[in-house]
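Here the chain labels run A, B, C, D, E and F in written order, and each chain numbers its own residues starting at 1.
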Amino acid sequence: MSNKPVEYADATPRVRAVYDDIMATRGTDWINNFWKHLARDPATLERIWSNVKQVMGPGALDPLTKELIYVAVSVTNNCRYCIASHTAGARAKGMTEAQFAELLAIVGLANETNRLAVGYDAPVDARFVET
Amino acid sequence: MSNKPVEYADATPRVRAVYDDIMATRGTDWINNFWKHLARDPATLERIWSNVKQVMGPGALDPLTKELIYVAVSVTNNCRYCIASHTAGARAKGMTEAQFAELLAIVGLANETNRLAVGYDAPVDARFVET
Amino acid sequence: MSNKPVEYADATPRVRAVYDDIMATRGTDWINNFWKHLARDPATLERIWSNVKQVMGPGALDPLTKELIYVAVSVTNNCRYCIASHTAGARAKGMTEAQFAELLAIVGLANETNRLAVGYDAPVDARFVET
Amino acid sequence: MSNKPVEYADATPRVRAVYDDIMATRGTDWINNFWKHLARDPATLERIWSNVKQVMGPGALDPLTKELIYVAVSVTNNCRYCIASHTAGARAKGMTEAQFAELLAIVGLANETNRLAVGYDAPVDARFVET
Amino acid sequence: MSNKPVEYADATPRVRAVYDDIMATRGTDWINNFWKHLARDPATLERIWSNVKQVMGPGALDPLTKELIYVAVSVTNNCRYCIASHTAGARAKGMTEAQFAELLAIVGLANETNRLAVGYDAPVDARFVET
Amino acid sequence: MSNKPVEYADATPRVRAVYDDIMATRGTDWINNFWKHLARDPATLERIWSNVKQVMGPGALDPLTKELIYVAVSVTNNCRYCIASHTAGARAKGMTEAQFAELLAIVGLANETNRLAVGYDAPVDARFVET
């Protein structure tokens, strides 16, 4: 268990296996800091990468939409690292400047109306309840 | 200025004009509770509807993606009303059960990795910085 | 240490002393549920009441402004109990419907622009830094 | 649509019109970074400025109280930019050091009692419900 | 993919396998609602249960401490369901009333001092930086 | 009332008394920045120190567990200062690297499942309600 981020050159075979899979899956030749910090605990590195691969892999939503949702959550939570990494990911998947601006506009507006709904204590309409 | 939600039958012409525009824009024949509560302050009703119409109207992202982003923020903020209304909105725009499940999976995972990035204090990689 | 809220009739002298001070300070003849739950742990009851009394008592800001700030935080955090109790407190100190609507409008807008500032990663202007 | 903040010298007439109105409304001769980033998307710049002007302009609450509420939300959300800009705004409107300290004390306490109310699951008292 | 929570009697073998493992691992004879809702998407059910089993299983921290940490996060996020389920889990692992009260006191205080640190913008002391 | 952090050399006797008690209680010879900023308002300094001393002092939970809970809240709230100071505090009380990694894993997972419970709107099971 390390107390520092783990560079590829210093990584154990167990950590390198995950690093290699990240690079192969993404078609890149570098590892970003998030994974190097998780690698301090190899079990967490393996677990989180496995989750990301499963959730963010091919599914019912297209890859760009999935990145936009990730950015929306990260902006709401004020996670600077995650905004930077997933905005880069969205750009790599084709996000335009206009789409980025629209994404932030929706995130801002949703954060506003969330508080208005809460502040006025609006009850859920019967028509919105799944039956 | 009212201290109760405003029903259509009791609304002033100013409030009715917004209600009518909401129903016409959405192709529906009813007003949900959020707007009835905002109508306690007609200036806020007009302002927020104008913002929603501008931000959520046709743009660079497709209508379903925009609703998914709205739900992602609302789940992160734990706004029960907003989750119910925008999930209904997403279903009306074609969201399938598989897409809903995938949306929640991404929202959950992003909330998890946001905290891991913060907890490990991972610095933003130079490659992620826009230049 | 109790696992239930503590009614006045069942309270120990230690808890009653706090309840009596709450009612005397506020000029009321009842105790709201928040305090009855804190009373499960008398040390917490005493400590929190002492803090509230010190922070919310006469000071540099007028009593109504202090309640408005309390409501603003509670709406942002989505604490339904706290919104209800401090909105009642603000009304008792003279808050009008127009002021309540304006408060919620500011809270909503601040939550929106907070995310825009974060999403666009705007750096703090040098002029804003205290020197 | 730009991918960089927009300086006045580089701004289109549409963006300059908003910048000019911001400076005229505030009686200042500079534009802070928040607006320069929003200006990457002129429609968002216009919309958010219009909202800020309407919500933060003369109304039912005095200008200083409105800024204090804005700071309270920004501290709760941990938005460093917004805390810096709205604290500067509050000081410009007369906020004293004692008022700033009291504001932060209330914000801190509200964040604490919000969690105590939630953790103990205190039900809303019937007397707090508007009827 | 279901749009309703999945009862054991109606579950597919894939879902039942997870339910059975949950009950066997916990030594209980029932499934709580959280899992029944996740079961709408069997892949999410399997993934989250696998994560919970790995993270909350035997490790470097004792089982009660792990539950207390879970409750602390859930109270901060205002997740009523999670507070109820993990408080029950903590009691089952031996949490006393005094420990529960102390847990909530710490959670409340941390939420308070978090905002004071942010509001006063205290820089991280050099001595706190890992080297 | 100061607008700057207060160094020991510049402190009034009232502030020094708190600083001395902090150092004596902790067995250290320095004051971290958090307290120097609070000292801008001596009443807040005294009040918060008194709360920290009471809540974080000997009680029903062991000192390391209390620090872990503090870190869990601080990570969830994204308070960088508080994460740094309380992680240092936890290490001083014996937290190992493996415990730190496990703490962050739980915090991340709880933030994920909190949103899944909210997104699926799982109702609290009757068995979880205290009676």
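Throughout what follows, a residue touches a chain if its C-beta (ideal position, glycine included) is under 8 Å from a C-beta of that chain, and two chains touch if they have at least 3 such contacts.
What you see is a predicted model; the values in this text were computed from it and never measured.
Visitor: Would you pick out the chains that touch chain C and also touch chain E?
Guide: A, B, D, F
Visitor: Count of steps on the shortest touching-chain route from chain A to chain D?
Guide: Step count on the best path from chain A to chain D: 1.
Visitor: Return the chain whose centre of C-alpha atoms lies at maximal distance from the corresponding centre of chain C.
Guide: Of all chains, A has its centre farthest from that of chain C.
Visitor: For chain E and chain F, let me know how many angstrom lie between their CA-based centres, rounded off.
Guide: 20
Visitor: Once you find the CA centre of chain B and the CA centre of chain C, what distance in Å lies between them?
Guide: Result: the chain centres lie 28 Å from each other.
Visitor: Which residue numbers or ranges of chain E touch two or more of the other chains?
Guide: 3, 40, 44, 47-48, 51, 55, 76-80, 84, 96, 98, 101-102, 104-105, 107-109, 111-114, 116, 118, 120-121
Visitor: Quick check of your reading of the touch definition: is the inter-chain graph here a line, ring, star, complete or other?
Guide: Drawn as a graph, the chains make a fully connected set, so complete.
Visitor: So in the complex, which bits of chain C are touching chain E?
Guide: Listed in rising order, the residues are 1-3, 40-41, 44, 47-48, 77-79.
Visitor: Spell out the part of chain B that touches chain A in their complex, as residue ranges.
Guide: Going through chain B, the ones touching chain A are 5, 30, 32-34, 36-38, 40, 44, 48, 51-52, 55-56, 59-61, 65-66, 68-70, 72-74, 76-77, 79-82, 84-88, 96, 98-99, 101-103, 105-107, 109-114, 116-118, 120-125, 127-129.
Visitor: Could you pull out which chain F residues touch chain C in their complex?
Guide: Those in contact with chain C are residues 3-4, 43, 47, 51, 54-55, 130.
Visitor: Mind pulling up the chain D residues that touch chain F in the complex?
Guide: Touch list, chain D to chain F: 78, 96-98, 101-102, 104-105, 108.
Visitor: Provide the residue numbers of chain D that touch chain E in the complex, in ascending order.
Guide: It is residues 71, 75-76, 78, 80, 83-84, 103-104, 107-109, 111-116, 118-121 of chain D that touch chain E.
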